[in-house]
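Note that the chains take the letters A, B, C, D, E and F in the order they are written out, and that residue 1 is the start of every chain.
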Amino acid sequence: MLSARNQFPGVVKSVKLGNVMAEVVVEVGTLEVVSLISRTSAEQLNLKVGDSVTAIIKSTEVMVAK
Amino acid sequence: MLSARNQFPGVVKSVKLGNVMAEVVVEVGTLEVVSLISRTSAEQLNLKVGDSVTAIIKSTEVMVAK
Amino acid sequence: MLSARNQFPGVVKSVKLGNVMAEVVVEVGTLEVVSLISRTSAEQLNLKVGDSVTAIIKSTEVMVAK
Amino acid sequence: MLSARNQFPGVVKSVKLGNVMAEVVVEVGTLEVVSLISRTSAEQLNLKVGDSVTAIIKSTEVMVAK
Amino acid sequence: MLSARNQFPGVVKSVKLGNVMAEVVVEVGTLEVVSLISRTSAEQLNLKVGDSVTAIIKSTEVMVAK
Amino acid sequence: MLSARNQFPGVVKSVKLGNVMAEVVVEVGTLEVVSLISRTSAEQLNLKVGDSVTAIIKSTEVMVAK
């Protein structure tokens, strides 16, 4: 169990690989969650369109606008 | 327009104030998004239960689990 | 109004686009603020040298050295 | 030499101690930079109003609004 | 499997609870890793001294000094 | 002295340069710490395999899994 309180199950919509980084878009219900991780991580997870994944965000990283 | 690509409209479900920090829970559809911001920010935004807000997350802060 | 308390108006000095990421340098008075965002964000904002922008930083991300 | 590219010399304007966290406001020229660090760090650095310090921010943490 | 590439098994050395935040110190071999999470997370994980845990850090959050 | 409480001395094991970003792997005892910084930072630090460096992480960025 991970301390990060934002854990949102979804499906990979796209994976874009750069040299060092990768951009992964995850559909979480009607939301699109964009993640920037290392290319190595994307490859180690073997992320592909359609994969069931969980987008995870530490709460200290979430801002609020009103 | 803000560069952060994760911007999720929702409603404040709870606000807990500490001395320095505040925990804000935002209902985004069926998801609960937890945010840890400064107490001063929570007060400046005058965050209250039921407020319409947007939870915002920079993409570099989003991890993926598979 | 955004909870992030560090919001510094400035002018774009440079934009460098990678495959996935972009580096944006913003002149804030006499300071240079460097930002690493997704290439997609830089393109969506259509960031160009000379643009008036605001550099924004969540307070939990700021360290202090003495 | 630290990889973080945003290093802004300034003067401590205020220190607020909570149980776990501390809020430090640093005047950097005409800007106010707000930092949230652990109370333990604030105590280890012995941060006091008027101290000469440097506010430091990793570039991946900087957003841009336009 | 989580995309965060820094995952370090260790043992909880101390837990300090504030109103909103908690500070957890994890011994990882001869290193001490300090984590600031929400009090709620610390309680949900029921973190106690001596627990076997893993400290996890997204690579975008790691700086290098030389 | 820097407020970031996680400062781990080690040796550079690899440096991979992208267009905008760089991935640096640091051996800290028996651990491998992965850092994603800007290519410019990696070049300014002139990071090379075998360099003695310190991996630095702000405590708000550390999660705990149990």
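The criterion applied here is as follows: a contact is a pair of C-beta atoms (placed from the backbone, for glycine too) under 8 Å apart; a residue touches a chain by one contact, two chains touch by 3 or more.
Given the structure is predicted, the values throughout are model-derived calculations rather than measurements.
K.L.:
Using the contact definition stated above, find the chains touching both chain A and chain D.
P.N.:
B, C, E, F
K.L.:
Over half of the residue-numbered contact pairs in common: that is the test. Which of D-E, D-F or C-F passes it against B-C?
P.N.:
Match found for B-C within D-E, D-F or C-F: D-F.
K.L.:
Given that chain E and chain F are copies and touch, would you call their interface same or different according to whether over half of its residue numbers are shared?
P.N.:
At the contact between chain E and chain F, which are copies of one sequence, the residues are largely the same (over half shared).
K.L.:
With chain centres defined as mean CA positions, report which chain is farthest from chain E.
P.N.:
Ranked by distance of C-alpha centres from chain E, the top chain is C.
K.L.:
Working from the CA atoms, figure out how many degrees chain C turns to land on chain F, in steps of 5.
P.N.:
In degrees, rounded to 5: 120.
K.L.:
From the mean C-alpha coordinate of chain A to that of chain E, what's the distance rounded to whole Å?
P.N.:
About 21 Å separates the centre of chain A from that of chain E.
K.L.:
So the centre of each chain is just the mean of its C-alpha atoms; given that, what is the distance between chain B and chain D in Å?
P.N.:
The mean C-alpha positions of chain B and chain D differ by 22 Å.
K.L.:
When you check chain B against every other chain, which residues touch at least two of them?
P.N.:
Residues 1-5, 18-21, 23, 34-38, 40-41, 45, 56, 58-61, 63-66 of chain B touch two or more partner chains.
K.L.:
Name the touching chain pairs, please: which are they?
P.N.:
A-B, A-C, A-E, A-F, B-C, B-D, B-E, C-D, C-F, D-E, D-F, E-F
K.L.:
Report the residues of chain C in contact with chain D in the complex, numbered from low to high.
P.N.:
My answer: residues 4-8, 23-24, 26, 28-31, 33-37, 41, 45-47, 51-66.
K.L.:
Considering the complex alone, what residue numbers of chain F touch chain D?
P.N.:
Per the stated touch rule, the residues are 1-5, 35-38, 40-42, 44-45, 56, 58-60.
K.L.:
In their shared complex, at which residues does chain C touch chain A?
P.N.:
1-4, 18-21, 38, 40, 58, 60
K.L.:
Which part of chain B faces chain E closely enough to touch in the complex?
P.N.:
For chain B paired with chain E, touching residues are 16-23, 34, 36, 60-61, 63-66.
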